[in-house]
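In the two complexes below, subunit A is the common chain; its partner is subunit B in one and subunit C in the other.
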Partner chain A sequence: MKQTLAILKRELGGYFATPVAYVFIVIFLLLSGFFTFQLGDFYGDGNGQASLTGFFNWHPWLYLFLIPALTMRLWAEERKQGTIELLMTLPITLPQAVLGKFLASWVFAGVALALTFPIWITVNYLGDPDNGTIVAGYLGSLLMAGGFLAIGACVSAITKNQVIAFVLSVSLSLAFLLTGFPPVIALFSGWAPQPVVEVIASFSFFTHFDGLSKGLLELRDLVFFASLITLALFANALVLELKKAD
Partner chain B sequence: MNKKNLSLLGLALAIVLFFAVNITANATLRAVRVDLTEDKVYTLDEGSKAIAKNIDEPIHLYFYCSRSAASDYPQVLEYADRILGILREYERASGGNLELTVIDPEPFSEEEDRAVEQGIQGAPLPSGDPLYFGLLGTNATGAKEAIPFFSLDEDKQRTLEYDLSKVLWTLAHPDKKKVGILTAMPLEGGGGNPMMGQQGEPRWAFLDQLGDFFEVEVLPGSSDTIDASVDILMVVHPRGFSDATLYLIDQWALAGKPLLVFVDPQCDVDAGQSDDPSNPMSRFTAKKDSNLESLFQAWGFELAKNKIACDKALGVLQDVPSQDRRTSARIPLVFVPRLTEKELDREDPITRLLTNILLWTPGSLKQLADGATTFTPILQTSEESQEVDSMQFQFQAQPRELLASFVPGFEKLTLAARVTGNVKSAFPGGKPGAAPEGETPSAEGEPKTGGLSESSAPLNLVAFADVDMLHDRLWMQELGRLPGGQVLVKPISENVDLLKNAIESVSGGKELMSIRMRGKTSRPFERVQEIQRDADQRLLARQQELERKVQDAERRLGELQKAKSEGSEELVTADQRKEREKVREEFVQARRDLRDVEHSRRQDTERLGTTLKVLNIAIVPILVCIVAVGLGAARIKRRTRK
Partner chain C sequence: MSAMIEIRGLVKHFGPIKAVDGVTFDVAQGEVLGFLGPNGAGKSTTMKMVTGFLTPTAGTARVAGHDVLEEPVAAKRAIGYLPEGAPAYPDMTPRSFLRFIGEVRGIGGQALEQRIAEVMRQVQLEGRMHQPIETLSKGFKRRVGLAAAILHDPQVLIMDEPTDGLDPNQKHEVRTLIREMGRSKAILLSTHILEEVEAVCTRAIIITNGRVVFDGKPDELERQAPPSVTKNRMDWVFRKLTGAERSPEAEHRALSAPTAVGGPS
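Let's turn to the complex of A and B:
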């Protein structure tokens, strides 16, 4: 635990020591604000609704491209620069390092998400929103970010090349989004039996984020995100172990 | 087995485990959830639980959902899951008397035929397959209740629980409810005097419309008992009711029994009650108003006395001839408001789905300052309303004069309201005339007649300040009569639907009532509305002045045009031509000014929108940049110092 925290601190410090963190936060905030207000027409000439649905709806798409950009260097860079060997010589186990790095990136994503607070203030200034739903939406968004981050971290461990890591992460994350997307479901429903199609759809971020963004926290959503993160981190550690053996 | 193979095996196992855990969780953990919404929209209401718990005879619910046809529509599946989740909650709360069957009707199957037969609607999908998404309930006596199709409309989704509870409640209480109508009006027709050559009034058609759903009995206004078989009491135009009759209503209300009241400061379909029936002129001074003043007082509200709630924005447009009858103009009848969804409460089940209510010289209801009841308006005027003295309507309303003298009060007037809460009797001394002198009164403080002196159950009342709305001419057009005497009608308003909803709602008991109260469907930007109201108020005078100028110029142009067409072009003098030019210029200028006013009205709202947009998109990124630059500079400084 102590070792994990140490890694977390080191990593988190690392984020803010380079411009990467600031660029990521600024781009995330600019895009989420722009999408919400311009494309989502949140204000709508004053006829809008005091709810953040239009804000949260963009999060899966923002994460799809921004989070792989954040995670692509996570292990790939360490391996490229050879610092991974250094890391392995420290008195920590591999799972601790994996967990520490993941948690650091998650905390960082949480900071970026928290910095969207002006929209919460805005919607409370304009009307009387359901703040319970908003809390659930933020929680859902954070959980979903965790899912994206775990996938990205795992992929980053596979390759030394950051660009490949980015493209692979985006593709894999996209798969986890699209399984809940109507055109994709239609593709399956042509030949697969109905329960199978429903099972496929149940592995989409959309399916599990949707309920949360509407204010309903279901245990199965928590199970999904927790099991996905666990699986991805387990695979992450396994890949590193295998590469080390190479 | 080497290490690599072992690892790969481990990975494969982990993936299998991941899928297994989630498939199991999806199938079994649906009921484990936390409702984080403020209104608890995903939690079964106490009222719903009580309804489910009180099911005595078995009820069977069939939930039709074409899952295979809907598999391309996750929002349908998701909503279906939510409905199923709630239905399972009912099932659990019912303690075994509610049985739920989920049916996925395959196209061309027997199940599909049965679904259609039972009134479940299929929505055609682009793929050609119909989507069935409805609910059918049956009870032990074979009665059926259905929701033909669950609308995906967000507002409707929020009232899901009420709709489901209503189905259950209706199935659990299958007997046709009896509506007793206590009235001073000849609702059943007649009332004419053949000796005077007067033809009797026909029977009011709404009675037949109600007859399809309820048992209806008209009780004369002089009644001194209400039959025990009456479930819902409807008081219509209580003009000249005796104390004994009022006491009946009082006791009914105190028992918390379903009550609808229709009063009117000026009921135009009422022939009126005159002081001197032998005087033919007396019909012009006859009293046409009704009120339940003492009872309303006890219930915490009042009907504004001798005041008609007029509305310029909602008035029905009609061609009205000028005084000299030479011209006519299309103007709003301020005393005939047609209410649209904006004036109807979108939360209350009585009004939430209606969009067209037509009233005639309605009154306005007001909550008393010391009223202890909960008074919730369900029909209101717009803000362009005014209370006009009912004297102006005694003989014949003058639409032009009413419009000319109209001064909007910037206040919504209440035309109908739901009232609930515990109240005291309007007859603190007990039944009027029940204890003649000399009779020994019973124990101290006890009502002498054994009647109620205060609510034994909360008041269950909806009060309307218009009686004309029930009359045929305000809600229907007669298309003809069938040989059996049945009248074919075409509705021109939803007044009767309003009445039906009101009866259903008050008779649904307190369980259904309690469900109504929750779920805020619309959360508008109140701040923006406030700004718009301020701007409206500030600019209204200027706008009216300009509108008058435009109208004036239009009229003068019309007159000049007429003069021109009457005379020949050569006879038009230079002066006239100049005059025409001038008026035209004035017209254009006034129109331009009007547009400016319109623009400045929107300016404040737009400015706020832009400010918020800039603040939200840019302010935090800028701060982050400043922090980054600051930290970077500090770091460089530190490094150079080293």
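Let's turn to the complex of A and C:
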């Protein structure tokens, strides 16, 4: 626990020691504002309801490109600098190291997400939204961010090149988004049996985030993201165990 | 004196390459063991297995009584390790870096502050405490790595080329420090520099092609040279044992006979 915390602290400090943290937060806030107000039909919202649906709907796309920027250095940089040898010869277990780094990136993403609070204030100023729904939406978004982060962390452990880590993370995350996309489902439904198509579709972040973004905290969606995070972190540790030294 | 490091038949294969091929030795408390060998002989690989970074293909290593595979955390707790090139997080300062190492090792609060001040003095890092490590010179970086390795006052100290990149004054200081620490710890250090073995080591091991070819006191090493060799006697023995030195007859044959390319040797 202490060890995990020490690694979390160092990693979080690492974000703020370089411009990464500030660039990320500024871009994240600008883009989420732009998407929400310009593309998200914030004012129209069809039925004239005050809600943050138009805000949350863009999060999968925002995370797709921004989260890999947070995770690409987690392990790739350790490999490149040779500090992985230092880290792995400290008296810690592999799960402690993997968890410490993942949690650091999650805390950071949480801070960035929390800084979107002016949007929440705006919608309360303009109308009378269901704040319970909004809180649930934020939780769902944070959980989905955890899914993206765990995938990115795992991919980062494969290479010592941050660019490769970024590109691979974006591609893999995109796969997790697209499996729920109607054109992609159509691609499979022509020949694959129905249960297979359903399984493929059930891997999509859209499928599971849709309810969460509307404030429906359904158990199967929570379980999906929780298992995805667990599985990706397990794979992360496995990759490190198998190729610590290369 | 009890053996703090026990290495038995350690083997490491990288694909078809046998990097370490059955290395066995002990290091006792109060010993400073110099680990010698040409580049690629398997020195670093052996050290990486003892410190738990690489998993051996075969054989065992025990540190302070703990098997590095079965009780890795307990073994790592007893070890201070300076990896090759002294890697450290470039965006941290020596101070924050040492704080991190201390916290991971479970030293906290006032005790950690005291230890940091102490090791900073020992490796003469004062004055560079708050400068990012990436802006430090090679010599200072090496000393940051050394400070991190000795921070928890380990029973076992393993150093991969601890004086590489240091100037003569710094080399002298680090060697003095190693000799001092060697009285109470078990120290394993690798080096290319034979004079360093004479200066700090109580024992030397030479490995070549992953095998131990010499294990004894530094002056025994020197005594292996024939009387005809008058200068750099230790160098001569090292080259002889590692296959770089040929007998005068072989030298003569090699010079007189045209080299048959691709033919049977």
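Everything below uses one rule, namely that the second predicted complex is superposed on the first by the 239 of 246 C-alpha atoms of A that agree within 3 Å, B and C clash if a C-alpha of one lies under 4 Å from a C-alpha of the other, contacts with A are read in each partner's own complex, and residues count from 1 in each chain.
Going forward, a residue touches a chain if its C-beta (ideal position, glycine included) is under 8 Å from a C-beta of that chain, and two chains touch if they have at least 3 such contacts.
This one's a predicted model, so the numbers in the text were calculated from it and none came from an experiment.
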Kindly classify A:Gln81 by the partners it touches after superposition: subunit B alone (first), subunit C alone (second), both, or neither? second
Partner contacting more residues of subunit A (subunit B vs subunit C): B
Which of the two partners, first being subunit B and second being subunit C, lies in contact with A:Thr89: first, second, both, or neither? second
Between subunit B (first) and subunit C (second), which, if any, makes contact with A:Ser189: first, second, both or neither? first
What is the contact status of A:Ala175 with respect to subunit B (first) and subunit C (second): first, second, both, or neither? neither
Touching A:Ala114 in the superposition: subunit B (first), subunit C (second), both, neither? neither
Just checking: does A:Gly13 make contact with subunit B only, subunit C only, both, or neither of them? Give me first, second, both or neither. second
Between subunit B (first) and subunit C (second), which, if any, makes contact with A:Lys244: first, second, both or neither? second
After the superposition on A, what does A:Lys2 contact: first (subunit B), second (subunit C), both or neither? second
Between subunit B (first) and subunit C (second), which does A:Val163 come into contact with in this model arrangement: first, second, both, or neither? neither
Shared subunit A footprint, subunit B vs subunit C, residue numbers 17, 245
Please output the residues of subunit A touching subunit B within their complex, sorted ascending. 16-17, 19, 22, 25-26, 29-30, 33-34, 36-37, 43, 45-51, 115-116, 118-119, 122, 125-133, 135-136, 180-182, 185-186, 189, 194, 197-199, 201-203, 206-207, 210-211, 214-220, 223-224, 227-228, 230-231, 234-235, 238, 241-242, 245
Sort out for me which residues of subunit A touch subunit C in the complex. 2-3, 5-7, 9-10, 13-14, 17-18, 81-83, 85-86, 88-93, 244-245
Under the touch definition given earlier, write down the residues of subunit C that touch subunit A in their complex. 48, 51-54, 72-74, 76-77, 79, 81, 83-85, 87-92, 96, 100-101, 103-106, 148
Which bits of subunit B are touching subunit A when the two form their complex? 3-4, 7, 10-11, 14-15, 17-19, 21-23, 25-26, 29-30, 32-39, 41-42, 67-68, 71-74, 77-78, 520, 522-529, 531-532, 602, 605-606, 608-609, 612-613, 615-621, 624-625, 627-628, 631-632, 635
